[in-house]
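Chain lettering (A, B, C and D) follows the sequence in which the chains are written, and residue indices restart at 1 in each chain.
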C-alpha cells in the first residue's frame, strides 16, 4: 500500500487496479473520512438501520466516493465504497457485496449543479419532525448558530462567501418524499432554481440533504442546521414560533 | 485456543470440552458478537439493570447462543453464555454462575416457528411508552425508515424478501405481559398465526422482541423499529397520529 | 506495588503505609471500581459539577472506601479516596487535597443499619423531577423492570431474596432536603424504620441514595430505579399515572 | 520538545520561537487542556458547527490561550491556538490558518475585570431556551446543585469563597445578543457592575459565558449551571416555576 496520492489517483493505476482509489492512509482522504463520519453520525441517531449516507469528491482528483446501499453505517469499511468519475457518469470502483445507494443520482445533482464538494444525508428525527410542523419551508430567526450558514452572497472585495446574520431568517425548503429516492431528482432541480442559495433541503417524513464546497463545510452546515431544527422543535413545543421577532417570545 | 470453527463446533470436540463452543476469536462469531452487542445496547438504555437479551444461532452449525439471566449486559463475557443445540432442546454448554434466561422458551419459539437466525430483546422505553399509547398494535405510516422492514412478501423472480414501501403502514402486535417471561409462549404463538409476516412483537409495559434471518438483519430491524417508535411518540405528543395520511398533519 | 490483597489489607501493613489500602491492581477492588463507576456515572449526567458519590465496603476485609468531597467525578483517581474502618468510626487513609464527603455519615448509616455493601448517590434529574411530582413516596406499578428490585421478603427454603413481581408497586420514600447533607441522618433512620424493605430513598430537590448487599447489586438497583423514574416522568407527562392499574391507560 | 515549563514560557524563548508556548506535554497545560475540553464539550452539543470556545490563563505565567474562530471544536489541535500576553493586549503566538475568535474581547473583559483564570463559552440549548422563557435573569431556587456556585461572599476567617446555600436563589443575568460578539463588550461591563458576584451571563438566543478563578472551577460552575438550566426547563414544562418556594410544587 502506498500513500502516494498522485499515483493512487492516476488513470493508469486505476485501470490496473481500481482498489488503488481506496488505498490512501490519510485519515482525511474521502475513502477513510466517509467511514469515520458514518460511524460518528450513527451515534447521533442519524444513520441507524443502514439509513443515510455521505458522498465526498476528492478535492484534487475529482473522484467521487459514495457509501453503498444497505450497509450498517457504524461498521462500514472503505472496501465497501463506490468510486465514480468527476461527474458521476462512470463507476470506477465497486465493492463486492453491495449495490450503489439509491441516493447516487441526488448526490450527482448536487455535485454537478451546485458544484458541491460533499453531500451529507441523514434521517435525523429533527428533520422529520420539522417536516411535519412546517409546511413548505423550515424557518428560524435570530439564533446565533444561524451565522454558521452561508447567505449565498459573496463579498465583492474578498470574493469570500458571506454568512447569514443573527438578524436573518434561515429558510430551508421542504420537498415531498417519493417511493424511491431516485424519483426525487426533479424536486432537487426545482429547489436549485427556486432557492438558488440554499445549502440544504428537507425531504418530508424522510430526512435532510446538506451540501457544501468541502466536506468540512458540509459537516459544519449539517451540524448547525440540525442544532437549529432541534431548537425550533423545542420552541414550537413551548408555543414560541421559531421565526418570531426578538422580544415577541413573551407574547406566547 | 483455535480458530478452526469446523473443529470447535465438531460433536466430538464439544463432548470433550463444551467450552470449545465459545473459543472462536472471530468477532462475528455468536459467542463474541452477543457480548459486543449487549454492551452497545446497554449504552442505548435498552439493557440497563440486567434487562434484555440476545440469542444468535450459528449460521453454519446451528448452535444457539443465549445470554444468561441476571448478568450486567455491559460487562458480559463469552464465558457467561449458554449454548443450546439446533432446536434448543438440549443445553450443550453452561456458564458457572448463571441460570438460563427466562426468555429462552421465547427465543426457541422464534427460532423454531419463524426460522429466525437471531432474536433481540430490549426494554427500550420507546417500546414501553408505545405499549401505553397504542392498544392492540403499534402503527406508523409514511416514514422513510419503514422501508427497512420486510413486508413478508417475496419477489417471485429473484426470491428475495420485499420490504415495506414508504406508502405502507408498519403494524407491530402488542401482547399483554405476564408474571414470568416463559408464560408468554402461548401469546407468541398466537402472534405468529395472526401476524404471519411480523418480524417483531411488543410486550406491554415490558419491551420488544425483534427477530430476523441473521443477526445483521435482526439488528437493522430493531434499530429501524426503535427509531420509528421514538418518532411515533414525538408525533403523538405533537397531536399528529403516527398513522395519519400524508398531508393530514396540518389538521391536528 | 503488590496484588496480594491479604497483605495490602493487613493491619500492620496499613499502619506502616496506609496507601497499601489503595494499591490493588484488581479492577473490581473498591479503590479502582469507585473511580471507574464515578466516571461512568458522570457521563449519565448523574455526577456533573462534582455532585454525587459512591461508597463501597470491601467484601472480605470490611474496609470502607469513600469518594471525597468536591472532586470532579470523571477525573477521580484512587489516590483521592478516603478509607475508613469497618463501621466508619475511624479514618485509615486520607487523600492529600480533599476533605471527606458530607455524605459520609449517611453512607455509614446505610452500612451499619442496613448492612449495605455499597451505596450509590446520584443527582439524577429523574430523581429530582420525581421528587417534585410525587409527595411522600415515588410509586410505579406493573412495569417489567420493577422485577429487578428486592421485595424485602426471603424465600423460606432457599434463603434467597425475593424480587418484586410485575404486578407489584415499587414505592420509594422521599425525604426533605436540608442545608447540609449530614443533617439528613435522622431522616435516613426514620426511613429505615418506616420502610424496612426499601433499598433506596429520594431526597427532594437533591437526588437519590441506593444501597445493596454488594456494589453489583447496588448498581443494578440504581439503574433499574433510574429507568423507572425516567419512565414515570414520561407517563406523567402523557397523563398516565405511573401507578395506575393495567388497562387503565386508555382512560387518561 | 521539552517539558521545562519555565523555559517554554520564558520571554527570550518565546521571542525565538513563539511555538514554545504550545510545546508542553502536560495534559493540564492550557494548550492541551483547551483541546481536550473542546472535544468533550462538542459531544455535549455545546460546540457543534464550530460554535463556542474556551480561554485559559496559565496559572503561573499568565499567558492567555484562546481557541480560534471557525475551527471544528472536536478536531482542534494545540497548533490552532492563539496565545496572548497577561492582559490580552498583545498576540504572542498565532496559528497559520485561523483568525482570532470574535469572543476574544469578551474573554479579555472577564480576565481583566473579574480576575478570571478561565472562561467557557457554549451554545448550550439549555441556555438558549432559558433565554426565551426568562426575561432579564435566569432564576432557580432550592436545588442541591445550586451549592456548587459561589455566593460572592468570603469567609472572614478562612478567606475562602462561600457557596450559595440550598435555600438560596441562583440568579444569572441575561443580556441581548448583537450582530457581532465584540459588540457585547459594553453589556458585559454593565453586568459586572449590576451583578458583581455573578460567575456567568447568558446571551439571549445565543448561549452562555461562565468564568472562574481556575479552569477547574469554571468547568464545575458551567456543568452545575447547565444542569440547573436543564432542570429549570423541565420544571417550567411541568408548570412548576423554577424559583418557587419548597412545598409550592403541588399548587401548580
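We take it that a residue touches a chain if its C-beta (ideal position, glycine included) is under 8 Å from a C-beta of that chain, and two chains touch if they have at least 3 such contacts.
A quick map from chain label to UniProt name: A, B, C, D = Methylthioribulose-1-phosphate dehydratase.
Small disclaimer: the values here were computed from a predicted structure and weren't measured.
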Interface sides of subunit A and subunit B: same vs different residues, half threshold: different
CA centroid of subunit B to CA centroid of subunit C, Å: 32
Cα-centroid distance, subunit A relative to subunit C, in whole angstrom: 45
Multi-partner residues of subunit D (at least 2 other chains): 237
Overall pattern in which the protein chains touch one another (line/ring/star/complete/other): ring
Subunit A-facing residues of subunit D, complex: 45, 48-51, 72, 123, 125, 128-129, 132-133, 135, 176-179, 203-207, 237
For the subunit D and subunit C complex, residues of the former touching the latter: 142-145, 148, 165-167, 216, 219-221, 223-224, 226-227, 230-231, 234-235, 237-238, 240, 246, 249-250
